[in-house]
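As structure tokens, here come the structures.
Each of the next two complexes has subunit A plus one other chain: subunit B in the first, subunit C in the second.
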Partner chain A sequence: MTRPRLISLLGSYGVVLALLLLVLFGWARYDYFLGFFNITSVLRYNSMFALVALGMCFVIMTGGIDLSVGSTAALGSVVAALASPQGAWIGLGAGVGAGLCVGLINAILVTRLKIMPFVATLAMMLAASGTALLLADNQSVSVSYESGFTSIGQDNFLGFPIPAWIAIMAYVVGWIVVNFTSTGRGVLAVGGNEDATRLMGLPADRIKFLVYLASGGLAGLAGVILASQFGAGQPIEGVGWELFAIAAVVVGGTLLTGGVGSVGATLAGVLLLGILFNVLNFENGKGWISLSAYWQSVIRGLFLLVVVILQAKLSSRGSVAVRDY
Partner chain B sequence: MTDTARQQLISRPFDPFDFMARYGTLIALALLILFNFAFTRNFATMQTLNVNLTQVCTIVIVAIGMTLVIATGGIDLSVGSLMAISGALAPMIFLGKIVPIDNVALAVAAAMIIAVGVAGLFGLFNGWLIARFRIQPIVATLVLFIAGRGIAQVLTNGNLQTFRVPQFQWIGLGRLFGIPVQVVLMVLLVIAAAWMLKRTVFGRQIIAIGGNERAAELSGIAVSRVKLVVYTISGLCAGIAGLVVIAINSSSDANLVGMGMELDAIAAVAVGGTLLSGGKATIIGTLLGAMTIQLVRYTLLANGVPDAAALVVKAGIIVLAVWIQQQGRRA
Partner chain C sequence: MRSELAFEMNTNSLLSMTGIDKRFAGIPALAGASFAVGRGEVHALIGQNGAGKSTLIKVLTGYYKRDAGEVVFDGKPFEVSSPQQAQASGISTIYQEINLVPYRSITENICLGREARRYGLLDWKRMHQEAEALLQRFNVRADVRRPLMEFNTATQQMVAIARAIGFSAKLVIMDEPTSSLDEREVAVLFNVIRQLKQEGVSVVFVSHKLDELYEVCDRVTIMRDGRTVKTAAMNEIDKIGLVSAMLGRAIERAEGHATAFSDRDEKKIGKVLLSAENLAINQIVQDVSFNVRSGEIAGFAGLLGAGRTETARLVFGIDRPRAGTMIFNGQTFDPHKPSDAIAAGMGFCTEDRKSEGIVPDMSVAENMMLALMPKLSKSGVIDDKAQRDIVERFIRQLGIKCSGPDQKVRELSGGNQQKVLLGRWLAMNPRLLILDEPTRGIDVGAKGEIQALIKTLADQGLAVLMISSELEEVIEGADRVFVLREGISVAEFDRDEATEDAVMSAMAHGSAPTIAEAAP
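And then the complex of A and B:
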């Protein structure tokens, strides 16, 4: 009884433990690792991925997938940059609105036309990318520096980067939704067994609709931060973001089959993958080894490999315990 | 005509969706060709045919492996990265960067075999993760999607490799009886795969696994072994496609070879009528799907529509094709 329990605990908190170990390692080994500058720049940069991964986490919890988030973020950044001369809030709203539009189409394709999420969002990935390129005329679009739009991505609030505040708020809201609202419980129910959920009278389609809409909106928000942080809307950015987000969600222990998932562990997954990059940069700075940027994706891939193999082993052993709950 | 036969005819009225699901891709392709004959200037030339065929070749070769993988109910996201690995490895071997080989023919042969073989081994690795650890295909192949391109970049240090080796570039630029070699290669692979899927026990086992994996296992099919082979084939196809791409370009850039190929291949498979949930697959359909997507893009470009708009149209076609197929099945 205690052994399976221990294993399932390790399964759910393994990612947090790994994150703590990595941070401890960095703190012990590098002088400025826990310095203010490093922490804020890591958070500022990874907040975009955190937002995209949050939406992905919700979609995956329903048993779906959203491949369009990367291009949606690119589209959001272009639209936000185009609208930024009108004011910071209008730029923000336009970017998020563009993301919501993509999310809306995804939601209609999946819930009304019953097209498999993988295909529907793959198509929207192409469509959003094409729209972004058309709007931007195949080049990056400079944002307006007079309207204060850039402060969304570049300024601090209470000594902490604004993008990080946005991401933290989004995760708090996400956590509350999953744990304390009926819609949130419905998300997990749909992923666990959609037919049963329907028979119990839960609005399965409405839940899925909302999830894709939210994923699109969050991707659009990530795009706004992208444009504001780097001063330009970038139609070709965001390539591969969807897969990075999936990797973060998986590392966080959310099952791709749906029904199981944790918002907090997803955040830990994002930070883990992000800080891995950071540690590698510090290691290069030490001069002991010199790994080119190309090694980073190899190491990330290996890391993902270790995590998924561990998860497969844990879940096959702990499956009895999981079923008992 | 007997009564029962007549009754059957009456009870099964003509269903447009079913008809479209079966022949839609073919009809779309025929309509596109007719449209181009009418409106696109210089369409009916050998050059147009050549351009379209050579461009579609690599997608079709990769999509053959992808069709088999999808037929088992899986997916392979790593094909683009495997193309990059094979494309990075081959020039290193025939340019003698690893071991100097004096004989050009020998060097080229070694380069091709090793590059494709390594891609196949990585495919086998994908299959191993999926069969041994029961990791979901999308996650298992995500590992090499991320790491694979990195491996190719590390191998070449991110540098562009340029070369002029006619013996090697024959597979991308040469001609057999006036037909581009890669087209011949593509046709051979399509025929072999279609025959295997329809006429061999192994092919039927692939379909059985995709239809109902548990039932397939209980009926004595070695599910793990079939999966290992299928992902290996997908890796080999990606390896071959990688060689063709760098042969055409006379250069290999690990950052670009095969970029986004997984999506093109999946789109071709979906438009061609293979069920993405597995259990029903058609290689010829995949060929037609890839050609339809290619021809749509060509038609739009030839008539002055920008490439970005072509992406949006491509998205619409994928959705429409999959939707029609679903309606056909439901009826």
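And then the complex of A and C:
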């Protein structure tokens, strides 16, 4: 294997490798780390972030950004909670629908009105957050426990948390879309060189429209799980989710400038950041050290920097992760 | 003139464009241009900067909508509104800056937009095979799964061509395809072109390298000022003929002064200030030697792509040469960045005023002071009074027509914008000023003023290196003319030797006119 080839493989699978090392470390150090309870609770909690990060991954692959996902999830959770007395499915649909609405507005702002994604989604971040607070009257909205709505976030299916199933299905669909549909390849092409993509005759605007719509929908879905898991719509939750999602996407090797990205590596990025958090909790539990949540943020931030610096080094050598099919 | 251009409309014609007009904001870019390409023909399209070649191509590919004229392609009237439609109808364009997606694999770059599918999903195996097969026709072996950016320019060009062929193009337009290729790669490209020709595909070949045209092209169309001035078989026209048609100069013509450069006082020319030996960076600048004396205007003549601007960039430290030496003011000069050159006493008015020179929304004063700012400020605070004095002096001296130092540069005419730029560099008190196309896009009256100004500055002892595509500007303005051709400085003329005849001949053949070189 040639050296550049090796580096490029490291670029693609580095995040998976880091994830494995972290899991091994946790398994060796903590008694209950790979216990059923810990695994399912990590997955249950992180599936929301996984969904948001999946949408973010698509947006970033086109070279854009979606800052509104956190507020959209909060709005989704409030709308789902308000609709939950009508039935579990209606609550689910309402939450996702709210997310799609935000996504639709983002899509129109970016592709029709040609507003920079950063600005357009920043505006929608504020607007969605405000709407959520208005609808919830500035407090959390209790969900209906009779309609079965809470099953979505709290129950298991085949011994596995339902939110984790939802996230896995979303990632499988996302992976197929990126690797085996022309729209998916178009997503990467638009991010790689938008002008060339247009000259090649691909519907660049339609592709961008779809990714913002999808990102909104997935954020809405994450909001539904949030409401269901905690038994209440949370208008002030979701703050900083967009940053967590961006971090996970970047850790997964997706270039912020677009054109290069991987759905699988994004999932690994989410798990890596999630399990890092989990490991720090275990470490606190051991009593040797006591890290506050603030320190955990600092550690995550440093970790993100290391990854981004490594990424820049790799891509400056002309080898970035390109293939995942 | 146009009536003489009646093309023989042979029945074998694939494309014919006639009477094409295109205006931008009222200014004609094309005025009754015509162009015809036969089936299986390789047709060269040449012309100076601004002659209308690119506009003509963009009209053909639907990038621009024509204001008037007729296009017939493959026997039918041709109406397209986008490059995509043109591509679907059989016209593929390979742009100078390769328009592909560097991060994506070769296969994707070839197949995007017409992917093979199985069960509704992409069939990668088949697409890889197809891409490999297309490239093999041009003897290119490459791992089509690897991202495009891992390959050299020549391979990327082949991928662009393979993509065009994959769309079963009847006409492939290549816009300066050889500008970034080395000799061996050019040979491969030419084989590909010959192969396309054999398969009945027509090629439009835009290039400034005249030798290349004789190698692969059957016919040539020459454009100037938005018009088609000549179409001829390549074996019926020699290089001098090409150059004089491009420049619009009959060789034997002699005339009086056409520029405001007349009557330079040669006694004021001093010692050599800058000398450069064997500068090289890549194919664009291969071997350029020249020198400039104080109080002298040295001119760079050459066709587009001859490496004039690129040489100036080396001198000014924007790019770094791979080989060659420079001596400035008696000392070895090796600028790493423009500020080195500025510190040494150089100024550079770029060719592209709009994007590289002026800051349109800033005032006349601010624009003029940009380069001088570091010198004028005392521990970060700008000395307002000193600034004001300098600006007002230059507005007076250069005759800048503005309401005052605070008027926005955007509101000035092209000529006055150029003067502001000149003022910016003159305020630095430079010893050498590089002027790249100083009168481009400036109306006739202002042109004379700028030229007179350059002359005055040289008379005052400034060394000027002037790049101009207007032959008369170089010949009448410069005390000495250096001719660049395909990255090599091929000739040097003193003022009295620099006739249009001699300079054009050097531009075409790369040698002095005494050595007669017959076109193949």
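Going forward, the second predicted complex is superposed on the first by the 316 of 325 C-alpha atoms of A that agree within 3 Å, B and C clash if a C-alpha of one lies under 4 Å from a C-alpha of the other, contacts with A are read in each partner's own complex, and residues count from 1 in each chain.
FYI, a residue touches a chain if its C-beta (ideal position, glycine included) is under 8 Å from a C-beta of that chain, and two chains touch if they have at least 3 such contacts.
Quick caveat: nothing in here was measured; it's all calculated off a predicted structure.
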Could you say whether A:S292 touches subunit B, subunit C, both of them, or neither, answering first, second, both or neither?
first
Does the superposition put A:V172 against subunit B (first), subunit C (second), both, or neither?
neither
Is subunit A touched at more residues by subunit B or by subunit C?
B
One more residue to check, A:L21. First (subunit B), second (subunit C), both or neither?
neither
So, A:V260: does it touch subunit B (first), subunit C (second), both, or neither?
second
A:S182 contacts which: subunit B (first), subunit C (second), both, neither?
second
According to the stated criteria, A:L34 is in contact with first (subunit B), second (subunit C), both, or neither; which is it?
neither
Applying the document's contact rule, which stretches of subunit C touch subunit A when the two form their complex?
83-84, 87-88, 93, 95, 99-105, 108, 112-113, 115, 121-122, 124, 145-147, 149-150, 163
Per the touch rule above, subunit A residues touching subunit B in the complex are 65, 109, 113-116, 118-120, 122-127, 129-134, 138, 239, 243, 246-247, 250, 256-257, 292-302, 304-305, 308-309, 312-313, 316
State the interface residues of subunit B toward subunit A in the complex, per the touch definition above.
75, 77, 129, 133-136, 138-140, 142-151, 153-154, 157-158, 260, 263, 266-267, 270, 276-277, 306-312, 314-316, 318-319, 322-323, 326
Subunit A residues touching subunit C - in the complex, by the definition given at the top:
4, 176, 179-182, 185-186, 188-189, 191-193, 195-202, 255, 259-260, 318-320, 322-323, 325
